[in-house]
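Heads up, the next two complexes both have chain A, just with different partners, chain B and then chain C.
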Partner chain A sequence: MASANAISQRGPVRFWDRLNISTKRVIWAWAFLAVPIIFYAGIRFYPTFQAFWLSLTNWDLLRPAQFIGFANYQKMFADPVFWKVFQNTFLYLIIGTPVSLVISFVIAYYLDRVKLMHGFIRALYFLPFLTTAAAMGWVWRWFYQPVPIGVINGFLSSVGIPQQPFLRSVDQALFSILIPAIWAGLGFQIIIFMAGLRAIPSTFYEAAKIDGLGDWAILRKITIPLLKPTTVFLVVFSSIGFLRIFDQVYNMTSNDPGGPLNSTKPLVLMIYQTAFSSYQMGYAAAQTVVLFTILLIVSLLQLYVLREKK
Partner chain B sequence: MRKAYVAGLAAGISFIAMGAAQAVEIEYWQYVFDSRVQAMDQLIEKFEAANPDITVKQTTFPYADYQTRVVAAKVAGQGPDVVQLFYGWTDQFVNGGLIQPLDPAVFPHEEIEADFFPIVSAMKRGDDYYGLPTAVRSLALFYNKALLDEAGVEPPQTLDELLAVAEATTKRDGSGNITTAGITMDMAGQDHHWWREVLVRQNGGVPYDDEGNVAYNDAAGAAALKFYTDLQTEKKVGLVGFMDEGQAAFRAGLAAMTIDGTFRLGAFADNPFEWGVVELPADANGMRSNYSSYFANGIGATSTGEELAAAQKFLQYISSPEAMEIWLETVGELPARRGVALTEANLADPIRGPFLKGLEYAQTTQFYDEAAQRQTAIDMVNRVLLEGQSIEDSLAQAATAEQAIIDQGRQ
Partner chain C sequence: MTVTSTELKANSRDIRPGRIIAWTLLLIGGLIMITPLLFMFSTSLKTSGQVYDLRLIPAAPTFDNYIKVLGDGRFMQWFLNSTIIAVTVTISNVFFDSLVGYTLAKFEFRGRYFIFLAILSTLMIPTEMLVIPWYLMSSQLGWLNSYWGIMFPGMMTAFGTFLMKQFFEGVPNDFLEAARVDGLNEFTIWWKIAMPMVVPAISALAIFTFLGNWTAFFWPLIVTTSKELYTLPVGISSFSAEASIQWELIMTGAAIGTIPTLLVFLLLQRYIVRGVMLAGLKG
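Right, the complex of A and B next:
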């Protein structure tokens, strides 16, 4: 029995033995990597490509998908609501990203110098990041209410300022949603900025001090340039976050999602409504393709602009 | 020993096989809502006791997923035998081939039309009925007794009285901000039905013509919209977004009146103040209208043979007078058969009475995409209140947008 086994195994054993140790390592590595790759290809990449195909059909879940060319795209580009939503999405991005980065950098910069209760203050800033967006959205939604229950309007009235409509205004609503969204992301950005600040060797600062540079010059010539990798990461990360904003908007306007009059509706919410409220899957896929393209372009653009110059 | 075991096994198998030949299992689907699930459990128990050869399996899904699940099951070829659907989804369900027409031999049309409230016609497409309701809903005006007593006014019977009561009960702070609303304004709630089926008609118009096209873009529609927006702009007795939602304002005791449906009775039951219900106010000529809606039960398209026969039996039972009594007691929704609903005891009931009276003259809107059509009404009011658009322009824009949804739905 034993000899029979030995003979039958001789072929493969020899082949495996002939490989050197590094090749074997590579094979093993790929064997393990194959599992997540196949998984990812199945649940991420395949549906992504499928979405491109669906965007050229009129699929509505019920009837089989029919190829209709670029009709979905024509409809979308002719729809004023789409352009409004498109504009909103970019407002979230171009206001949200710089404002949140500046605030978090300033906080991180000064927090880095605070010794007293440093950990406690840092934890306070980080806390909102741990909170569920839905819960936070609802709390802020009640903050913004008119009197008698709205905290902010209660304060305004008590000091004699007329109450503001906030979420019930086509001009203020988007900013009212942006504030908690920025606040929620601050904690994470502060932690990353602080890690970046700590990674700058203190010898640079000592040398600068000896040369007699002021705080402002040190900030401009040393701190900000050396923080560039951190900044690049945060710019890309937070841009993607603001382009995909959904939770805050949906939870703060759930009676009239994205309202009033579409003034707060981001692209993701429009996709959600088209797909799961109106069941126009093909049209929703076309909107998804647009979102994908925007995300891709914005990310590539940022990487290019903030690239390492050689 | 072994022989006995084999014999036992054989007996068991043949018993199971015999059982399979006799018993039919059918599936019933509805969305999750505690009292509805309990009521259905009771109905299934009674039905199975009367029909020992049929078992009914109840499957439920969260409301938000419900339609998607039904559609997905159909795509997978495994739909339910009896399925609950909102009357406004009928077009989607019929066009998608999710439900089949009811066999007139089992469900005679004359009987349906004689016994049920006329709103059951919303389940009819061509010559076929596609489902029957167990219970129906209607609207009424809820009022806070304490606030009305404090102001020394009686619940309103007409629109003019409504304005007077709202004015008498509204409280404002020093800067003129509303602290207690006379009436809630919430188009995202039930107000869009009030506007569409009641106010437009009371101003002499109709919301839709006989073909189902938008017909409110006229003087009647404009008058109705003006009446509604005036509550905030002219009379200042309500504020859209006050306390976030109309029903929240009423529950908090910060609104004297709100328009809502039978389905809100359960939520209002625990209100820490006395409240009452009256019919929706009539116009100056005494004309009243109401909006009624319902969930119906239909038979799944994939049901055939003895399962179909069992499904028909089950549908007959859950639309029977007995089932409607149980539903009324457990869920609180009004019976869909006139005979069961309009009893003297029910009509004299201070809560059920006004809702039941409303059913007699209620209208049922033929929706194509309820959420999107409601959105057009929300936007119409917002354009007037937030952007200062004129009543006529906003109405015209809403009519165009809603007609586009209707056209899309008919494709």
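Right, the complex of A and C next:
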């Protein structure tokens, strides 16, 4: 008995020992990947297909989902609120991305040359990046209040400029929300631009100086072209951020989310309300498919731009 | 032409005022950047009667608001929730993203490229698209209103995996081979030999994951309905909506949510900035 036990215990060990090194390594590799494969399949891929499927149903949490073809999409494209939301989302994107990138590049360009109190000034710009958008939404909301509460209107009235309605105006509310969104992301963009600037070999600058190029010419002919990978990364990163804007809008307009009159409502807030306020899960899923498509186009554009360079 | 621009260049080198102006503008811009934070802290130290006094330094600073806001224990609970969740998710990401990144960088096997592409492709799937299926999954499995329900979507990320893979590719194979000759098993080689060689990448990943989960709002807002399970951002949002026009209390809540990350930053500034640079350049 004892010897039989010993043999059967040795069995798997022998089997393992008999494998050659590369087979062993393949087994190790799949063992390492086992849990992650289950995770990515169950928590990323399966839900993705499920979202596409749900977008073709009328699921509302109460009754089982029924296939209704493209009815959700027809409803969405016929809904004026959807087009308003679509327009808002693009306004966040096409104003937010260029404005934040230009500001952060200018700051990074000059900050990179500053020696005196470099770390301190950099920290001032970087700190807002570490804040919570939900909390800062409320701080900015307070800033925008009318006199005598709001800081900005208080300042405006002290220099003789009439009060502005900011978040209460259909024309100003979207921009009033964009400012904190840009503000919160600047620090990250500045740091990444500075990293990109430092990655440019100094030999390029030395050669340019020998050729007698001025600051402006160096900036245009060397810095900006060589910074292209960094710029493309930041364009895509911040575009995706503005397309998915939610926290600021939700917290700055929480008494009438997306208001006034849907003038600030982005796509993600519409998705949230459709799904978790009206429980039209199928319809909300169709809206997420639209968001997915837009983000996919942005990502593919990035790949295209970067490939062209190589 | 060349001569003139050289002269211009030489001149701009000599003219110091340009640099002084640039430095001053940068400093002013930086101070403007932190103005919202300064006003937030300042107002959190004011009484409700002083809120309308817009001076930055409170006439009679008081911690009453903090005592009031922290007094009923809700913020303590939310703070605890956020900490547990952010720390757990960070540990999970450091472990799994590194393990997968290492496997994809250092092992030869059929299907490696497919797995890599599959994981990378999840970068293109927005969270917002997955929340409805996740919500369905959570309600069927009883994960609503639980730590696990808040955490499970972020336990691994394609971004982290990609970042770690890039760094493990830079680890020389000789070290790993030497360990193999010494008879170490593959798990030990990864954990004891390879991981210590990519510590900067690990800290970058940890910083990003922690910050991302600490400030996360969308999914925790959806998956939690019971106030005891709110994370700090969701708690601040609900507290502020309740407090309505008591701005000094709202600012105190916002300050409580902001102070921890600012403190961590002041302690680890150098590592955080370096980590963000690393992640941004490689990722």
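A few remarks follow.
The definition used in the following text is that the second predicted complex is superposed on the first by the 275 of 310 C-alpha atoms of A that agree within 3 Å, B and C clash if a C-alpha of one lies under 4 Å from a C-alpha of the other, contacts with A are read in each partner's own complex, and residues count from 1 in each chain.
Note that a residue touches a chain if its C-beta (ideal position, glycine included) is under 8 Å from a C-beta of that chain, and two chains touch if they have at least 3 such contacts.
All figures in this text were calculated on a predicted structure; none of them were measured in a lab.
Residue contacts after overlaying the shared chain place A:Phe276 against chain B and chain C alike.
Looking at the shared chain after the overlay, A:Pro260 reaches chain B, while chain C stays out of its contact range. Contacts of A:Pro146 after superposition: chain B is touched, whereas chain C is not reached.
Within the superposed three-chain arrangement, the count of touched residues of chain A is higher for C, of the candidates chain B and chain C. Legend: residue contacts after superposition of the two complexes on their common chain; A:Ile43 is shown touching chain C, with no touch to chain B.
Judged by the touch definition given at the top, the superposed model places A:Leu62 against chain B, while chain C stays out of reach. In the superposed model, A:Phe32 lies in contact with chain C only, and not with chain B.
By the touch criterion defined above, A:Phe292 lies against chain C but remains apart from chain B after alignment on the C-alpha atoms of chain A. In the superposition on chain A, contact of A:Trp83 is made with neither chain B nor chain C.
Once the two complexes are laid over each other on the shared chain, residue contacts for A:Ile191 go to chain C alone; chain B is not touched.
Residues 142, 145, 148-149, 255, 276 of chain A contact both chain B in one complex and chain C in the other. In the complex of the two chains, the chain A residues touching chain B come out as 61-63, 141-142, 145-149, 153, 157, 162-163, 165, 167-170, 255-256, 259-261, 273, 276-279. If you check the complex, the residues on chain A that touch chain C are 21-22, 24-26, 28-30, 32-33, 35-37, 39-40, 43-48, 50-51, 54, 107, 110-111, 113-114, 116-117, 119, 121-128, 130-140, 142-143, 145, 148-149, 151, 154, 180, 183, 186-188, 191-192, 194-196, 199, 209, 211-215, 217, 230, 233, 240, 244, 246-247, 250-251, 254-255, 268, 271-272, 275-276, 281, 284-285, 288-289, 291-292, 295-296, 299.
Of all residues in chain C, only 2-3, 5-6, 8-9, 12, 19, 22-23, 25-27, 29-31, 33-34, 36-37, 39-40, 43, 51-52, 54, 96, 99-100, 102-103, 107-110, 112, 115, 118-119, 122-137, 152-153, 155-156, 161, 180, 185-187, 190, 211, 214-215, 217-218, 221-222, 232-234, 236-237, 240-241, 245, 247, 250-251, 253-254, 257-258, 261-262, 265, 269, 273, 276-277, 280-281 touch chain A in the complex they form. The residues of chain B lying in touch with chain A in their complex are 67-68, 71-72, 74-75, 92, 95-98, 173, 175, 177-179, 186, 188, 239-245, 254, 369, 371-372, 375, 378-379, 382-383, 386-387.
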